[in-house]
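What follows is a short report on a single structure.
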Amino acid sequence: MKTTSTTTGAQSATGPLLVISAHAGDFVWRAGGAIALTAAAGERAKVVCLSYGERGESARAWREGKNLEEIKAERRAEAEQAAQALGAEIEFLDAGDYPLLETQELTDRLVHVYREFEPAVVLTHTLADPYNGDHPAAARMAIQARILAQAIGYDAPGEPLGAPPVFHFEPHQPEQCDFKPDTLLDITPVFDRKRKAMECLPAQQHMWDYYTDLAKRRGVQLKRNAGPNLGLPHTCMAEAFVRLYPQTTGVLA
Amino acid sequence: MKTTSTTTGAQSATGPLLVISAHAGDFVWRAGGAIALTAAAGERAKVVCLSYGERGESARAWREGKNLEEIKAERRAEAEQAAQALGAEIEFLDAGDYPLLETQELTDRLVHVYREFEPAVVLTHTLADPYNGDHPAAARMAIQARILAQAIGYDAPGEPLGAPPVFHFEPHQPEQCDFKPDTLLDITPVFDRKRKAMECLPAQQHMWDYYTDLAKRRGVQLKRNAGPNLGLPHTCMAEAFVRLYPQTTGVLA
Amino acid sequence: MKTTSTTTGAQSATGPLLVISAHAGDFVWRAGGAIALTAAAGERAKVVCLSYGERGESARAWREGKNLEEIKAERRAEAEQAAQALGAEIEFLDAGDYPLLETQELTDRLVHVYREFEPAVVLTHTLADPYNGDHPAAARMAIQARILAQAIGYDAPGEPLGAPPVFHFEPHQPEQCDFKPDTLLDITPVFDRKRKAMECLPAQQHMWDYYTDLAKRRGVQLKRNAGPNLGLPHTCMAEAFVRLYPQTTGVLA
Amino acid sequence: MKTTSTTTGAQSATGPLLVISAHAGDFVWRAGGAIALTAAAGERAKVVCLSYGERGESARAWREGKNLEEIKAERRAEAEQAAQALGAEIEFLDAGDYPLLETQELTDRLVHVYREFEPAVVLTHTLADPYNGDHPAAARMAIQARILAQAIGYDAPGEPLGAPPVFHFEPHQPEQCDFKPDTLLDITPVFDRKRKAMECLPAQQHMWDYYTDLAKRRGVQLKRNAGPNLGLPHTCMAEAFVRLYPQTTGVLA
Amino acid sequence: MKTTSTTTGAQSATGPLLVISAHAGDFVWRAGGAIALTAAAGERAKVVCLSYGERGESARAWREGKNLEEIKAERRAEAEQAAQALGAEIEFLDAGDYPLLETQELTDRLVHVYREFEPAVVLTHTLADPYNGDHPAAARMAIQARILAQAIGYDAPGEPLGAPPVFHFEPHQPEQCDFKPDTLLDITPVFDRKRKAMECLPAQQHMWDYYTDLAKRRGVQLKRNAGPNLGLPHTCMAEAFVRLYPQTTGVLA
Amino acid sequence: MKTTSTTTGAQSATGPLLVISAHAGDFVWRAGGAIALTAAAGERAKVVCLSYGERGESARAWREGKNLEEIKAERRAEAEQAAQALGAEIEFLDAGDYPLLETQELTDRLVHVYREFEPAVVLTHTLADPYNGDHPAAARMAIQARILAQAIGYDAPGEPLGAPPVFHFEPHQPEQCDFKPDTLLDITPVFDRKRKAMECLPAQQHMWDYYTDLAKRRGVQLKRNAGPNLGLPHTCMAEAFVRLYPQTTGVLA
C-alpha cells in the first residue's frame, strides 16, 4: 500500500518556488495551496505578476466607475495582502493586460528573475486557453525565459539556471484548455491559509466558494488515486497540476 | 536548485512492486532497474509472466530446432536466473503467447495476485503496440484486474486493493507506441545488477548493448531534466516510464 | 446576442431518450437532468441498466454483510425510485458487473431495445475510463448495437433505426477519461427533480452534494459560454456531454 | 426519430452573423451557405476581409500582368458582388496578405467591429493550416479580439460583448488542418445563392464545381448523421464547421 | 523540383499486394486504384473479403425481399466481377457481418493467407470507425495476423513473414475516423479500370459518382502537395492512405 | 517481400536538398546522413544556419572565457568544415540565437533562398520543443517562407516555388517534442561521412558517440520495419524524420 508520507504535507519542500502569472489574482485561486505549502516548509515562494489584471479581470471596479490607476492600485494592494497571507513575496511587472503582449523585453526581465531567484520549482499558466489570451502569453514567456536563463551565453547576471520542473496550474475551464491533471497536490494542511488569501480579494467573493468546492473535488480525486486505505483525512483538499517536463526521480511512487 | 535526493537511489522504495509482463524476458529489458532498486531498498518485487514468450520471442531456439516444451523450459530457467539477479520473485502463468488471449479467467488470476501481494506500485506494458498484440493484451488485463481487485464485492480472498500507481514501461519502439516518458527513474546505483540480469538471457545477446545504450540515453535525458548542477554522476543510467493515473503527492518536485 | 431560447429548458425535447448505463445508479448522477428535461417535455425517457452495480458499486452494502441477492434487490429498488422521480421508465438486464462482459448476446438485446424504443437521442458512458472497465464496455455495446439496429439485414423485429445522436455523459474524473465537454445542457428548470432522484440513493449520500456542486460548476461554465447578458438565472445548473457524431442542424447557434 | 425541424433551414437564425476571413474570397467557398441562411432569416450577416488576397490568392491576375492596385480593386469588386448575392454586408481592412501580419492594431480594429456589430455567431478560419499562414493568423486575431471585446476595461466604444459561439469553417485540405467536423449545416434551401456567389469569382472557375461537389459530399454526411428516414430531400447540400467553445443548449438533439 | 517519376504510375509495384476487407464491396471504392496499379505492373493483387456484407451493406436487396443466401451469392458474384476488372484474385472467408466477430479462428486463417501469399504491401480498414464496427474489427485482425505470421514459432505452414508495410484505406467519413491522409497515390493511369470495377456493383450506383468525385478531390490534393510544376495531367485522380508503420527508404522524396 | 531497392542508398536523390536550422551544428547531428546521401547522388545540398548558436549552444567556449565574436567565428569555422565533409554548401544568416527572433525580415531572406535554390526537399526542426525555443521558431519561419515562395504575387526574384516536401529532423528528446518518426532513412552507405562531419565539432565530443548510438538504434528500427529478410547489412544506420505534408507517390511501398 502506498504510504501516507507521499501524500501528506509533512514533507519539506524541495526549494524556492517561483510562480509566474498573467494577472494579480491568478496565483491565489490556482496555486495558493502550493505556495502556502512551500512557505510552511520554510522555503521562499515568490509570485511574479506580469500585470494587475486591470482591464480584463476587474469588471466590478470598472462598473463602479473607477479609473485605471485606481484599479491597478486596488488590485495591487489586494494581491499583496493575499501573498502575505500565503507567506509569499510578490513582484509586479506592470506590463499591461488585455492584451498582455509577448515581448523580448518582458521575457528578458523574467530571465533576470530566474537568475536571481534560482527557483527549484516553477508554476505558470497553461499553454492553451481559448477564453483568455493573456494566460498562454504568460506561460510562453515563462517557459522561454527559463530556457534562456539556462544558457551561460545569455547576457544576464548570475549563474546559468539548472532545470527546475515547470508545472501548469489549473485554468478556469480545465477541459477546454486541454488540462489533464497528472499531479494532485495535497493542500489539506494549509487550506485555511488559502481560504484566507482568497478572502483578501473581496471583489471576487463568488470565487471563494467556487475554489473551495474545486479543492474538495480535487481532494476526492486525490483520495481516489491514492487509495482508500491511506489514512488521509475524511475530507482532503487538493490542487491539480500538469507537468511540462518528465519527472526525474530515484523512486517510483 | 532541485536537490539530489529526488534523483538518486538513496531513498527507500515505497513498498512492494508488482510487474506484469506478457513474456518471460520483458521485465529484464524494460524494468530491470526499477526492480533492482526496490529489492535494494529491502522491499519485495514480484514478476508475473503471463507466458514464456515461447512462440513469439524465441526465434533462435525455433531455428535451432527445439520443440515447444524445450523452449518453454529454457525461457523459464533464464527468466528465473534473471529475476534472482535482480532480487525478485517470479511467477509464470503459462497462458500461451502469439497470441496471448485476453480472458476473464486469466484476469481473475491476476486479481488473486493483487489481493495476495498488495503491491504499492505496478508496472506493465503500454496499451498500444502495433508490433506486438500480446503487450497491450497484458496491459489491459493488468489494469482491469487492478480495478476488480479494488471492489469489495469481487469474489476473491483478501482485502480490497488500495490504489497503487500504475506505470507503463518502455516498449521497443517507444514513439510508435505513443510512449511519451513522464517519469525518468535513476537506476545508476543498480545498473550493474540490471546488466547481470540481461546476461542471463544469452539468446538475445544483441540486446545487452542495445538496452545498455538505451539506459545511457535515458540517463542523459534525466540529467537534462534534472539540471546540470545536480551533482549526479558523469554518466547516469535511467529507465523511462509513463504513468496511467495522476501522481498524488504532498510536495511538488 | 445569442437568444435565451437556446439555453433554457422551455423547448420541447426532440423525442424519446434512451440511456444505456453499466450500473444501476449511473443514470442519476450523470444524466438525471437530461432525463428529467425529456420527461418534463412530455417525451418518453428510458433507462437500460446492464447490471445493478452489485459488486463494484455497492461497497457499503458488502461491508454491512449483505449477500449478492440482497444487494441486487436493494440497488434495483433504489434505481426504480430514482427513475420514477425523474419520470423515466427503467429496465434491468442483470448482466453482471465487475466485470461487465462484452458479449454478442447482450449487444443483441440492446439492438432489440433500439428497434422497439426508437430513440431520438441516446446517452451512454465514455469510451475511456481507466478507473472502471464496465463503463467503456457498456459504451462499446451501446454504440455497436445502434449500428446493428440501423441495418435492415440484422435479424431483429422492427424497422431499421434512424441515426439518433449519441452523447457521452460525464464520468467521475472527466479529464482522465478524455472527456472534453462540447455540450452544456441547462438543467436549471428540473434540478430539483434530479436532487430528489439522487436522494433515492441513500447509500451514496456523499454524492448528493458532490453532484450538486458539479451541476453548479457546469452551470457557471454554461453561463460563461452563453454570454453574461443572457438573462439566465443567477445560479444555473448544467450537465456536460460529449457528442460521438457531428451535430446536424439547420441553424448555427 | 430526430425531427426534421433541426435539420432544415426553416428555423430563423439566432442573430447577427460575423465572418472574419483572411482573404477576399474565403467567405464564399467556406461559409457562403451559412451567410445566405442568416440573410434569408432576416438577420444581418457581415463579412470582414482582412486583406484582398492580392498576393497569395490571385495567381491568374499576376500571370496576366496586372499590378497590385489593379488586383486589389478586382478582388474587392468581385467580393462585393459575391457578398451582395448572399445578402451580406462586407468590409475590407486592407491589411495585406502573404503574409498577413498579426498585429495589435489589426486586432484592435476587430474589437471595434465586435463591439459595434454585436454578433450572435462568429465564423473564421482554423487555427492550423500548413498550407497557408494567413488563415491561422486571421483566426488567432478573430479569437483574441472576441476575448478583448468581452472585457469592460478594454478601451473601445460600446458595451462588452456577450459570448457568441465561434465556428471554424472548412479549409481546403481539411484533414491536414486537423479539421474534424462537429457541425453539419443544412444549406439546401440557399445553395442556389451560394452557387451564384461563387460565380461572382470568375478567376477561380475551377472552384465552382469543386465546392459544389464538396457541398454534396457534406450533404451525404449530414443525411448519414441525421438518419435515413428524416424526410430530407434526396440531395442535401451542407457546410461543415468545428466549434471552438462548447455548445450551450436547453435540449439535447 | 520533385521529379515526375515519383508521382506517376510508370513505376513498377514493389511486389504482391494483399487487401483485407470486411465486406465484399469495400476494396472497390477504397482501394480499386491501388489494386489496378499493382496488377498493371505485373504483380499479384489479392483481395480477402471476411464477409459478403450480406446484412449490413445490402439494404436494397433486403428491401427487394431477397433472402440471405441470395444476397450472399449476389454480392459474391459482383465482387468477383469487380476483382476481375481490376486484375485481382479474390477470396471469401464468409465469416458473417453485422457483426463481424473478431475470433482467433478467423485471425488464424489470415495468418495462413499471409504465409502463403507473402505480400509486399497490405491494405486494410482504419482502426476507428464510429459508423461501422466491422471495419475496425477487420483491421485489428489484419494487423494481429500480420504480427503472428512474422513469428517462426507460430504454427502455420510457410516461412515467417517479413515486415510488409500496412496502409489504411479511406473510410466513408474520413475525419470522423481520425483518417489524416499521409500518402496520396496517383491512380490516373488506371482510373478507368476502377470506374469499370465500380460499375460491377449496380446496387450502389449512387456511389459511382461519389467515389469518382472523391478521386478528383484527392487528385487536386495530390497536385497541391506535389507542386504545380510537376507536369502532372490537368486532372489527376488519386486515392488516400494512412501508414501504420514508418516508411523505410533509401531516399527522401 | 519488399525489395531492397527502397531501403538502400543506391537510388539517386530526387533533387536539391535545403536544410534550414537554427544553430550552426544542428544539421550535422540531425540530418548529416540525409545531406551526405544527397551529395553522394550528385545533387546539391545546402545548409542555411539562421544563427551560429553562439549563446545557447556554446557552453564550453563561454566557460573558457571566449567572447561573442570569437565564439561565432569558431562555430562558423567548424560548421563549414562539417558541411564540407558532407559535401554541402552552407550559408550563415547570423540572426542571433537565444532567442532566435521570428521576424518578417528573416522570413523574407528565406523566401529568397527558396526562390534561388529551388529545393526538391526541405529539412527543418520540429514545431514543438519545450527545451529550445529557437528550434520551433526556425521551423515556423522555414514553413512560412516556403508558403510565401509559392505565391507568384510575393515580391521576390525567381519563379514561384513548387511544393517540395518538408521533413522535420530528429530533436534531442524526440518524445517530448511529439516527434513520432514516419520515415526512416537508410544512411548506412554514408555513415562514415556523417561521423567525420561530427568530428569537425570538437567541443561536443560527447555527442559523437551519442549520435552514433542513435543511428544504430534507428537502424534497428529500420530493419524491424523493413522486414528481417531484406538483405540489409547486419548493422544498419538510419536517421528518423517526420513529414509535414502527405507523401505523393505513384506506387505504394
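Labels for the chains are A, B, C, D, E and F, by order of writing; each one numbers its residues from 1.
Convention: a residue touches a chain if its C-beta (ideal position, glycine included) is under 8 Å from a C-beta of that chain, and two chains touch if they have at least 3 such contacts.
Please read these numbers as outputs of a predicted model, since none were measured by experiment.
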Exercise. What chains, if any, are shared contacts of subunit C and subunit F?
Worked result: A, B, D, E
For this session: Return the chains common to the contact lists of subunit C and subunit D.
Result: A, E
Seminar exercise, completed: Matching interface for A-B, options C-E, B-C or C-D, criterion over half of contact pairs identical, gives C-D
Problem set entry | Most distant chain from subunit D, judged by the mean position of its C-alpha atoms | B
For this session: Compute the rotation angle for the C-alpha superposition of subunit B onto subunit C, expressed as a multiple of 5 degrees.
Result: 120
Exercise. Are the two sides of the subunit C and subunit E contact the same residues or different ones, given that same means over half of the numbers occur on both copies?
Worked result: different
Problem set entry | Mean-CA-position distance for subunit D and subunit A (Å) | 38
For this session: Just give me the whole-number Å value for how far the CA centre of subunit D lies from that of subunit E.
Result: 36
Problem set entry | Sites on subunit E at which at least two other chains make contact | 131, 160, 176, 181, 221, 224, 245-246
Exercise. Hey, how would you classify the chain contact layout here, line, ring, star, complete or other?
Worked result: other
Problem set entry | Touch relationships between chains, expressed as pairs | A-B, A-C, A-D, A-F, B-C, B-E, B-F, C-D, C-E, D-E, D-F, E-F
Seminar exercise, completed: Counting only contacts in the complex, subunit E reaches subunit F at residues 1-3, 5-15, 17, 34, 37, 41, 118, 120-121, 123, 160-165, 167, 181-186, 221-222, 224-230, 240-241, 243, 245-253
Seminar exercise, completed: subunit D contacts subunit A in the complex at 104, 107, 143-144, 147-148, 151-155, 160, 244-246
Exercise. What does subunit D use to touch subunit E in their complex?
Worked result: 131, 172-176, 178-181, 210, 213-214, 216-217, 220-221, 224
Problem set entry | Complex contacts: residues of subunit A adjacent to subunit D | 54-56, 58-59, 62-63, 68, 71, 98-99, 101, 130-133, 176
